[in-house]
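These are the structures in question, set out in turn.
In the two complexes that follow, subunit A is the common piece, with subunit B as its partner first and subunit C second.
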Partner chain A sequence: MSLVDDLVAALGADRVKAHPLELRVYDKDAGVARGPVAAVALPESTAEVVACVKAARTWGVPIVARGAGTGLAGGAVPTEPALIVALTRMNTIHEVDLENRTAWVGPGVINLDLSAHTTPMGFHYAPDPSSQSVCTIGGNVGTNAGGPHCLAEGTTVAHILAVEMVTVDGEIVELGGPAPDPIGLDLRAVVVGSEGTMGLVTRVLVKLTPNAPDVRTLLLAYPTIEGAAETVSQTIAAGIIPAALEIMDRPMVQAVENFVHAGYPTESAAVLLAEVTGHPAAVTAEAGQIERIALQAGTTEVRSAVDAAERDLLWLGRKSAFGAVAQSAPDYYLHDTVVPRTRLVETMTRLYEIADRFEISMLNVFHAGDGNLHPLVAFDGRDEGARERVMEAAEEMVRVSLEVGGSLSGEHGIGLEKRDLMADVFSPIDLDAQARLRDAFDPDGALNPGKILPHGSRCYDFGMQPPLSQEPAL
Partner chain B sequence: MSLVDDLVAALGADRVKAHPLELRVYDKDAGVARGPVAAVALPESTAEVVACVKAARTWGVPIVARGAGTGLAGGAVPTEPALIVALTRMNTIHEVDLENRTAWVGPGVINLDLSAHTTPMGFHYAPDPSSQSVCTIGGNVGTNAGGPHCLAEGTTVAHILAVEMVTVDGEIVELGGPAPDPIGLDLRAVVVGSEGTMGLVTRVLVKLTPNAPDVRTLLLAYPTIEGAAETVSQTIAAGIIPAALEIMDRPMVQAVENFVHAGYPTESAAVLLAEVTGHPAAVTAEAGQIERIALQAGTTEVRSAVDAAERDLLWLGRKSAFGAVAQSAPDYYLHDTVVPRTRLVETMTRLYEIADRFEISMLNVFHAGDGNLHPLVAFDGRDEGARERVMEAAEEMVRVSLEVGGSLSGEHGIGLEKRDLMADVFSPIDLDAQARLRDAFDPDGALNPGKILPHGSRCYDFGMQPPLSQEPAL
Partner chain C sequence: MGWITGAAPTQAQLDACVTCGLCLPHCPTYRATGDEAASPRGRLTAMAAIADGIAEVDETFAEMMSFCLQCRACETACPSLVPFGRAMEGARAEIAAQLPGRRRSARRWLVGSAIANPTLVGAASFGAAVAQRIGVGRSGAGTIGKVRGLRRLPLRSSSTRGKSWPARGVPRGTVALLSGCVQDPWFAEVHEATISVLRAGGFDVVAPPTQACCGALAAHDGAVAQTRALAAANVAAFDGFEYVVTDAAGCGAHLKEYGHWAEGGDVLAARVVDVTELVAQLLDDGQLPEFGSRGQRVAVQDPCHLRHAQRITVAPRRVVAAAGFDVVDLDPSGRCCGAAGMYTITYPEMSESLGRAKADEIDRSGAAVVASANPGCEMQLRSYADEAVRIVHPIELYAAALQGRD
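Then we have the complex of A and B:
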């Protein structure tokens, strides 16, 4: 008998993967790190997830939950030989309750599929990561995913009312509920963003957002990135909270234009996409106000989309950004930090300086409204030393973000990538609080071990904290 | 030496209360239950809170954090002789950051004082419990307080970015942070609503909300409560999310009119207060739409306030509701449950039936937009059997709310009042998840013992769950 035998007995042979070539598909996410996979299970029900957990526990194998694998921070990449429980087949929209504006969905439901299903009913699921056409609601829950429209609507945690979760003991718990103010201890919010370290989420109760009665999208071009950033600050200072405020720099505009030919102004230093939604009268007034602010800030071109087709064209470049980069270089490394909106320009200047110094090619597209930067480095991993140079620059870039008062992660999670930087942000006592919670739910460290908390923080209570540098390299 | 000696050494004699007459002031909240108090401490700094916690732990005395004591569910009422740590003197607004729209405040800052301080700067603190002129931010955090304007803005948890908290070991942790997407495990949200069972919150980072560019308040009178409820449903179905939607029934309208003479239409069966905020053009359009819906639903009177003075007059009755009831009877008991908006009328009918059967006087004022009911029972506790009859009716009313798919608590917390009903809502496994979290932060049960989780749920792991009826009466 073996773990694989037990899994096959529970799920059938076609939904258990154990061949090295099959495992290779599940050993990384959309980031750069790879990890060791013991086996892969593809359950189709909560009961099957329970069976997977029990089998893994019997054989002492850690468990890593996985959605579509579009994460960028290594959250779904195992640090030791693990059972990957891929929840992509649990993709049923179980129940849509329009009166209460909620839906129970499986964790494998694709983000955009949910909105496509409910849009004709007048509602959509608000968080819209760039990967929304492939990423899953379960993965969004695991990383507390954001997206362009999270500026006004909040990230995933603001849209999850309850989860059904299988614990490390194979018990099924329901956390949260449909009420606007959850009663008892609010464990729902802790599960969102916990990257599968608290349990495996098997059903999700999401909030549905009414479709906006009117939408206006503006594309604004600038001779300097400062002008775009100035428009963002002044817009928010004017009391407008647009549905989205996205900046792309010249390298990114050129890359997407080469890729999708959306007609973006490639000669500009920066392009700002601003979208306002709401009552038609307010939309017209606010769009006009943003246009006036943009002209003051030196915009050289204003395009306005009033219907869905024009809007899709303006968004096409933004949404194709990562595809465009993938076309231009075989590998890319994408950062995700948040800096105070007021220090955007200064941070950008320092990031460009780092990129120049390391001689790497950096493209930028970011959620400017909430200061969520996404500097993207394109490279060829086959070049001698390229990967190392990119990673070294990456760490400097994250530290710059922290220095200006920013946060480690905007929306991609901590995963492997930023785990050891957590100690730069949290004190040992703060980390200990997180470790206590985690130990309460997973005392043996069987759920996605080695994630979120830096090595050693879980031993804090016992005075055994080893130096971070002793962490074995992956 | 004694607990009181240690406290006096740390805080000075004038900020430690131990005389029975002084303790009496701290043995209840605004609800009906009283509990035993060992001593009261009034710290003025985080360091003093640490000293209080350490002293209480040395002497084996449990610790109950307390704000202004305006809670209604007994969250601040001790179940065994406890040290009450009243945080009302930690009432400094430490720092207002307008660019990032946040403020660090002490837990003792009064809710309305914070908004009064920031309103001239263009911002306010959105959650507005009825007690906002006296209740504290710390108490709001403890109960995850709501208020009329939480319909559009969300309850307290949506407005708290970070907390500084003293743990049961006297350590100071900071949970959460200024970034829109908190990194690491989101313990901030668990602390909100945990009624002092995770630690003592000593500083709070709140989100500030821009003042609305325009506001319109409507008072709508109806010959039936169904008409008011119909207006609420149709308004929300039309895609409008008003800033507030409050219904008062005839007994309540009459009580407030007797009390404050706000000119409310006392002959109506129900009064609906609807407030829309936003861009002036949208406000005008939406107010017009609500008025048309109300006329369709049979409203007999529409009053509209466009300036602050008129608006204050329309709100005066609503905000005086509890004072009005206090004037009409020496005691009152206020419920707080949430039912699906679609079952409001049916629930109200059943609540009136229960009140009639128990021959008690019930008045209603509620957050209709999110189905948060507040049936209020006025009585005279000196009447033979009155209190028992009220409590019996209360339990029936809460069970009706649960039967129609509602929740135990909208915004007042669980406290003592609803603790033993938690087992009607959560399975033993669900309760165990909450108990695990709590045990991780407070293994000895020293922080507000006997709250939130029903008796026995913390022993679940050991198979020792006693029947709930064995819980000793308070």
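Then we have the complex of A and C:
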């Protein structure tokens, strides 16, 4: 007998993969790292997920949950030979409750499919990562995904009311409930963003948001990136919270335009996409106000999407940005950090300086409204020393954002990529608290081991006393 | 062992993929299975693994590749502009070379629960028909049963090959017609419509006698030598014409890629137009009349080889509207109907699941007529759509309007 035999017995041969080539296609997500895969299982029900967990535990193999594999931080990439449990087939929208504006969905439901399903009913699922046409609700829960429209609506955690998950012991638990503010410890919020280290999410109760009665999307072009950043600061200072504020720099706009042909101004130094939603009168007033601010900040072109088709095309451009990068080089390394809005311009200047110094090509696209930067470095991994140079530059870039008071991750999660930078942000005591929380769910470290927390997070790893909870019960 | 033929996917093609995953939801086989191995990104990763020498061209690789419909929906979705169709043809050429005589394995792919009635269609269709006529296809070609979805065969045999038709009025030029291997005998009405509209638009129409089958299916199947020979024959046969017109999207898509297959192929490719493209142009130029709406809805189905491979979506709608119909779209209009050449016989479950989904889309559209610019799609739609639904080529609707018929 073997792990694979047990899985085949539970799921059938069709939904278990063990051939090296099949494992190969599951050994990475949309980021850069690869990891070792022992087997892949594609369960269709919570009961089957339980069976997968039990089989893996029996054979002492760690378990890594996977959605669509669009993660950019290696969250779904194993650090040691693991069973990948891909939840993509659990893609049923179980129940839509319009009265309470909620829906129970499977973890494999694609973010945009959910909105497409509920839009005719007058509702949508608000968090809209740029990967929303692909990524799963389970993956969004795993990474606490954000997106262009999270500026006004908040990230995933604000839209998850409850989760059903399978614990490391194969137990099915439900955390949270229909109430927006559950009584007692809010464990649901602990699971959101935990990157599969607390359990495998098998059902999610999401909040649905009413569709806006009116939408206006503005495309603003600038001769300098400062002008675009200035518009963002002034807009928010004027008390307007647009649904989205997104900046792309020239190299990015050129790559994107090459794909979507939406008429993006490819000669401008920066393009700002601003979207306002609400009642028609308010939308008109706010759009007018943004336009005035933009003109003061030196915009050279103001375009308002005339219809839904043009709006969709503009957004398709923005949302294809990461993929479009490869037109210039086969590999890319994507940063994800949040800096205070007031220091956007300064940070950008320093990032361009680093890119110049390391002679790497950098393209920029970011959620300007909340200061979430995504500098993208395009490179060819087969060039001698390229990867090392990019990584070195990357560390400097992250440190710059930390220096200006930024955070380590805006929305893509910590995963593998930034794990070892956690110690720059958190004190040993903070890290220990996080490690103990994780231990409470997964004492043996069988769920996505080696993720989020660096080795040495627990106090006793620092040579301190083991925490009380580790002492044998009397 | 890596690649062994000159037709293999190139490093540049494979490098273009940044594994962002944005193509996944557009891929019918990924949608049906949720399996990365059945996704464009997974297939490219597998090809790259062969190129890097860490995996072999074996049965598993071959199976991953042949499960692909070659619909190229991933290509339109890819912001990195990965030429997936070319890479896949390369992979198939390698499989044909490294695993000669390979038959489809017994392994069945899991297909979503979407199939209401999972009985297999024991019949072959377009791909099989072509295979039978031109003798390609290593898989299942010998076991062809009943061909479904065909039009009623015309009583007379009426090959267009070697014939010519003069323009009506003063000629503005001469165009060549690709007769095609299946279109010619089985879709004679489509050719008739094409010819009559082009003549009305002021073109002399010629079907060169020495032309051959375009070779699309041979290319999809990895039959490199045959593909090259057919391409070379056509480059010679179509030399010197202003336009080479096709009324089968699959053929047009392949002709437009002749640059990869024959010397002088790029010259021919640049002159290839789908009939709807040319007629839309004639309409824009005022060379052909437009008819007012008669209040009847026609659903336009986008063949993958028109929409994804040739990026043509406006022209067929323009032609149908000019014929006096109200155009409705199928939703989602970019999803493959499951015909896909030989696919109907090699993966009947997947093909049927897509065929049924397309039939549901037609149902929802409420249209009694569907216009499809590709014979393979036409047969597939006819196999699954309600019997009352009429399936025609867009050009037939326009030709009828032009002649004052319905």
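Basically, the second predicted complex is superposed on the first by the 458 of 474 C-alpha atoms of A that agree within 3 Å, B and C clash if a C-alpha of one lies under 4 Å from a C-alpha of the other, contacts with A are read in each partner's own complex, and residues count from 1 in each chain.
Keep in mind that, in the parts below, a residue touches a chain if its C-beta (ideal position, glycine included) is under 8 Å from a C-beta of that chain, and two chains touch if they have at least 3 such contacts.
This is a predicted model, so every value here is computed, not measured.
J.: Is A:93 in contact with subunit B, with subunit C, with both, or with neither (first, second, both, neither)?
T.: neither
J.: Which partner chains sit in contact with A:70 here, subunit B, subunit C, both or neither? Use first/second/both/neither.
T.: In the superposed model, A:70 contacts subunit C only, not subunit B.
J.: Is subunit A touched at more residues by subunit B or by subunit C?
T.: Greater contact footprint in residues on subunit A: B.
J.: Applying the touch criterion given at the start, work out whether A:345 contacts subunit B, subunit C, both or neither, answering first, second, both or neither.
T.: Neither subunit B nor subunit C is touched by A:345.
J.: Examine A:33 and indicate which partner it touches, taking first as subunit B and second as subunit C; both and neither are also allowed.
T.: In the superposition, A:33 touches no partner, neither subunit B nor subunit C.
J.: Quick check for you: in the superposed arrangement, does A:42 touch first (subunit B), second (subunit C), both or neither?
T.: Second partner only, subunit C.
J.: One more residue to check, A:332. First (subunit B), second (subunit C), both or neither?
T.: It touches subunit C, and subunit B stays clear.
J.: So in the complex, which bits of subunit B are touching subunit A?
T.: Per the touch definition, subunit B meets subunit A at residues 99-100, 122, 144, 146, 150, 154-155, 157-158, 167, 171-175, 177-190, 192-194, 197-198, 210-211, 213, 239, 241, 278-279, 281-282, 284-286, 338, 340-342, 370, 372, 405-411, 414, 418, 422, 425-427, 429-434, 436-441, 452-453.
J.: For the complex, give me every residue of subunit A touching subunit C.
T.: Touch residues, subunit A against subunit C: 14-15, 17, 19-22, 24-26, 28-30, 42, 68-70, 86, 88-89, 91, 108, 110, 112-113, 131, 133-135, 255-256, 258-260, 320-327, 330-332, 380.
J.: Which subunit C residues qualify as touching subunit A in the complex?
T.: Per the touch definition, subunit C meets subunit A at residues 15-22, 24-25, 33-37, 39, 41-42, 45-46, 49, 54-55, 58, 60-61, 64, 78-81, 108-110.
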